[in-house]
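Two complexes follow with subunit A in common, the first pairing it with subunit B and the second with subunit C.
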Partner chain A sequence: MTKRNFWGYFVPYGLWLGLFVIAPVALIVYQSFFNLDHQFTFANYADYFQSGVYLKMTLNSVWYAFLITLFTGLISYPTAYVLHQLKHRQLWLLLVILPTWINILLKAYAFIGLFSQDGLANTFLRFIGVGPHQLLFTNASFIFVATYIQIPFMILPIYNALDDLNPALVNASRDLGATHWQTFRHVIFPLTLPGVKAGIQAVFIPSLSLFMLTRLIGGNKVITLGTAIEEHFLTTMNWGMGSTIGVVLIVAMIIVMQLTTDHTKGAAK
Partner chain B sequence: MKRLISLVALLLLVCGGLAYASTQLQKSSGAASGKVLNLYNWGDYLDPALLKKFQTETGYHVNVETFDSNEAMYTKLKQGGTHYDLAVPSEYMVSKLKAAHLLQPLDHSRLTGMQNYDSRFLNQSFDRGNRYSLPYFWGTLGIVYNDRFVKPGTLTHWSQLWSPKYRDQLMLIDSARDILGMALVEQGHSMNTTNPQTLLAATKRLDQLSPNVKAVVADEIKMYMSQDEAAVAVDWSGEAAEMLAQNKHLHYVVPSEGSNLWFDNLVIPKTAQHYQAIYAFLNFMSRPQNAAQNAEYIGYATPNAKAKALLPARVRNDRQFYPDDKTLRHLQVYRNLAPRVVQTYNDRYLEFKMHH
Partner chain C sequence: MKKLSRLYLILVFVILYVPIIYLIVYSFSQGDTMTNYHGFTWQHYRDLFADPRMLAIVADTLLVALLSALIATAIGTLGALSIQRTSKRVTRDVLLNLNNILMVSPDVIIGASFLIFFTTLKMPLGFGSVLLSHIAFEIPIVVLMVLPRLREMSPSLLSAAEDLGATTHQLLTKIILPFITPGILAGFFMALTYSLDDFAVTFFVTGNGFSTLSVEIYSRARQGINLEINALSGVMLLFSLLLVGGYYLLQQNSRKRRARKQHNREVPQ
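What follows is the complex of A and B.
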């Protein structure tokens, strides 16, 4: 690469990275060290780790994010697998991605309509004789809607991993006498694991800080860190504490990335 | 791929063209001549017909920008770079803006409609002598109930909300001051208490309300209540007025033992530029027939006594939105509390939300 070429590529990329990745993160870290009176302090972190409320909220968030990721994974893997076998798979894939083009708020409102007392879901329950149920504002409905929203982000990386899988390996496994299940268990699944991990990364972190859904669908019965951040920035204007929670989320993201990144990858290649 | 790119390019071109055309249109309609007024208001909080009337009457072109929370407005005014001539903060935010030196005092010699206002709504604790603000609308916090589930007239006090018969039927507005304030009033305390012990006791009382709470939501309450999703809700009178208009089974009560009295007020931010237009607008809005028209459109209570007299009797005598003197005397205006106290309110409230 010539020197001019290098700068030609690096400058826009570096600018982008600096302005939109490094600067915001640095600002959040910086803000997190200031209290309401704009004095430098570590009190925000001390508050966070000493108050039972924030720790409980963190546990809550991690637990719900875990459940959402788990259900998303359970649905997405088989879906991606089946999609990959289909004839018009590009079309099917497009249909899976299509809902992501719709704003999340619109989707949430659509679910409010479906789940309300006189909504479609309850009409159906009444029709089959189960009678109406309280569907909105339950933990189950929150997880259901969050899972629905996250599914495309899990399907895509798994689908791509399946696409990259060399069919010769599957054929070889079958030739050598492995059953369908054994092939899947020992060949297909391990080789598509990077896709699953990428999917987990794409789903888990955003799920930690979902806040619109906790109110609209969960009726604030589910409180996540996102709720606290929203409150600190919009109501109490305690940006320091809000940033502190933001930093905790960034650290959580780094941990998840570490756990789900394949460290042996370099050696294997 | 190529088709996709050309499609996206076409879309961008159309959007850009439309944006350009609309700025051109705005420029030609007064902005260029400098006869403008930049109004920073809540969404849908001014009768558009009235706006048109003001523009034809005075020739000033009004640019309206909207905000959805006092705090968002405060942040924007504080960070500068804006040129709003008038803003519409709630009462506690007026104190806060005043303390931050972000307001310009009103020149009372240029105001012509002061005598139209009801003296009960002037000279409030947040702005003595109305040095900085003119009341725009006022309202209360109260209980909305659906007469299909609750017998009319049986629900009149805060303490009744704790009754086991409303199990899983209650919706609360997602606002720390209001919901804790409700618990404080229920226990006979001031809604402006700064005593941590009193607040803690109120939080404990709120925790006992949990089994009755179906959801803690924001604007969506209107939609839920109009669709019979819940039997009872705690919300502001303005929101209640909209719900009542959509569902005739709904009723609104302000408990006579006390509640919040809130004001939205017109103020002049420091960065204002068009003083002629500002006073023209303030005087225009103070005129009884204009204030009455606006109140009828928005559905909130007007502080303008002469305007109230012009309203139809069924609105004027509606005790739901114009409570009697006894109730009115028990209402409390929020004081702007120190940031630390606000923080305590919100922390306690967050704990309540986590427990319920």
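What follows is the complex of A and C.
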């Protein structure tokens, strides 16, 4: 392919980059400097940092995202670890991926039924003698459902990291007299840390921005950054403030990416 | 220890699948709640297929998914070709990073920024805006699926064709495209599932008249349990299973073909 012809192929993709990647990000930053009357102002940012409401909401959202990521990680690491030792692991892995192909709304909807007064969860609680409880529209149910949805996205990168791990290193450690726990603590876990980081990346940011779960499951008690943006854009129509929160979310995303991307690996390549 | 870990794995899989099975089971239950199974019926499926509004939405959703996936696959493939052709490493890294912005951005940010974008251009919200948004967020995944295949291609293959007098067009249609077809198909399938799965972006840019399944499920689920949604999830589950099946068959096929080629190369006749 000659250079001249090559640029012709680049045009549609280049247009997409300009119109749908760069322009929207620029527009959301631009919009964050305008108030409800379309006047240029820094008031949105002043509001955000001075009125405690927004900062508290952000902290709350980060806290919930942290909890969701923590629980997802605690459940997923052992799952990936055991899964990796199985004989038909490819098949089991497929079974982990399968739920991600089912529409997220349907999964959330299933929990409305499961957690209802006479739903399966309460039937179970009654059976073991501690129920029934109000489950739907509580913070705990929000964290549970969010964790449920994110688990496959955490298992996959950890599984891949375990797969990349050279078994000779594990054998060497055992031969040198390390216990199972020591091998895990000093060999397996450090070497699979990139997978855990990739998992955190895949779970933490979406957890900050979930908004339909807060409505359907959390009963509007938990306000995440995502819920706040959705409300400002589609309910109160205050796009300036919505964009400001959006910019905060983008900054949070960049920070998380910086913290979880392996820089040493990139440099070595 | 081994027994314990098996038990743990089974528990995780039970939690992963209970909500999905629960949904499907109650799609066959008489009555109108997701509690206390009332006996088998096809009624909810009959209701679903007799609901003209729902059928129109299903048709719209499939149309958007297919059209957007086709267009995104075309543009994404061209994009991958041009990224691969850039000789400067810096340019390529910049292009790849730009490509990945929409992959890592939270849905809410994509939705909100596209909403600003369409409003700035004074574009009416509806089918067009939803289609354009879906194309936009599907392109990067197509690029990521096609690029590895392009990297696997040996440059001597291209030089040989060029030496033998192939034009750019011939080079593309006779050599490059057949080689990267598995990647293109994988990209198409991923784009299709991204489109069918999306809720947040569509929710922002859909306006009033137009709706996709996810948005419709959301608005119905907010009003509570409606077993027609369960029936719908049954149909969608079947559809996703077919998609997953098709995708894995495709992967398996190309893997086998590659393995055979490798084998032929290693054992000279």
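What we mean here is this: the second predicted complex is superposed on the first by the 241 of 269 C-alpha atoms of A that agree within 3 Å, B and C clash if a C-alpha of one lies under 4 Å from a C-alpha of the other, contacts with A are read in each partner's own complex, and residues count from 1 in each chain.
The rule we apply is simple: contacts are C-beta pairs under 8 Å (C-beta built on N, C-alpha and C of every residue); 3 or more make two chains touch, one makes a residue touch a chain.
These numbers come from a predicted model, not from an experiment.
On the superposed subunit A, the two partners subunit B and subunit C do not both fit; they clash. Of the two partner chains placed around the shared chain by superposition, subunit C is the only one that A:Leu249 touches, whereas subunit B remains out of contact.
When subunit B and subunit C are set side by side, the one touching more residues of subunit A is C. With both structures placed on the common chain, the touch criterion links A:Gly219 to subunit B but leaves subunit C unconnected. In the superposed model, A:Ser116 lies in contact with both subunit B and subunit C.
Using the contact criterion defined above for the overlaid structures, shared-chain residue A:Leu234 touches subunit B and also reaches subunit C.
When the shared chain is aligned, subunit C comes close enough to touch A:Asn103, but subunit B does not. Of the two partner chains, subunit C is the only one touched by A:Tyr9; subunit B is not. Contact with neither subunit B nor subunit C is seen for A:Pro190 once the two complexes are overlaid on the shared chain.
Among 38-46, 74-82, 146-154 or 218-226, the region of subunit C with C-alpha atoms clashing against subunit B is 218-226. Common to the subunit B-facing and subunit C-facing surfaces of subunit A are residues 112, 116-118, 215-216, 234.
Listed in rising order, the residues of subunit A touching subunit B in the complex are 36, 53, 56-57, 60, 112, 116-118, 134, 136-137, 215-216, 219-221, 223, 227-228, 231, 234-238.
Of all residues in subunit B, those touching subunit A in their complex are 69, 71-72, 74-75, 168, 171, 174, 176, 214-218, 220, 223-224, 227-229, 339-340, 342-343, 346-347, 350-351, 353-354, 356. Within the complex formed with subunit C, the subunit A residues making contact are 1-2, 5-6, 9-10, 12-14, 16-17, 19-25, 27-28, 31, 75, 78-79, 82-83, 86, 94-96, 98-99, 101-114, 116-120, 148, 151-152, 201, 205-206, 208-209, 211-212, 215-216, 225-226, 229-230, 233-234, 239, 242-243, 246, 249-250, 253, 257. Interface of subunit C with subunit A (complex): residues 5-6, 8-9, 12-13, 15-20, 22-23, 26, 33-36, 74-76, 78-79, 81-82, 85, 95, 98-99, 101-102, 104-110, 112-117, 120, 132, 135-136, 139, 143, 168, 171-172, 193, 196-197, 199-200, 203-204, 213-214, 217-218, 221-222, 224-225, 229, 232-233, 236-237, 240, 243-244, 248.
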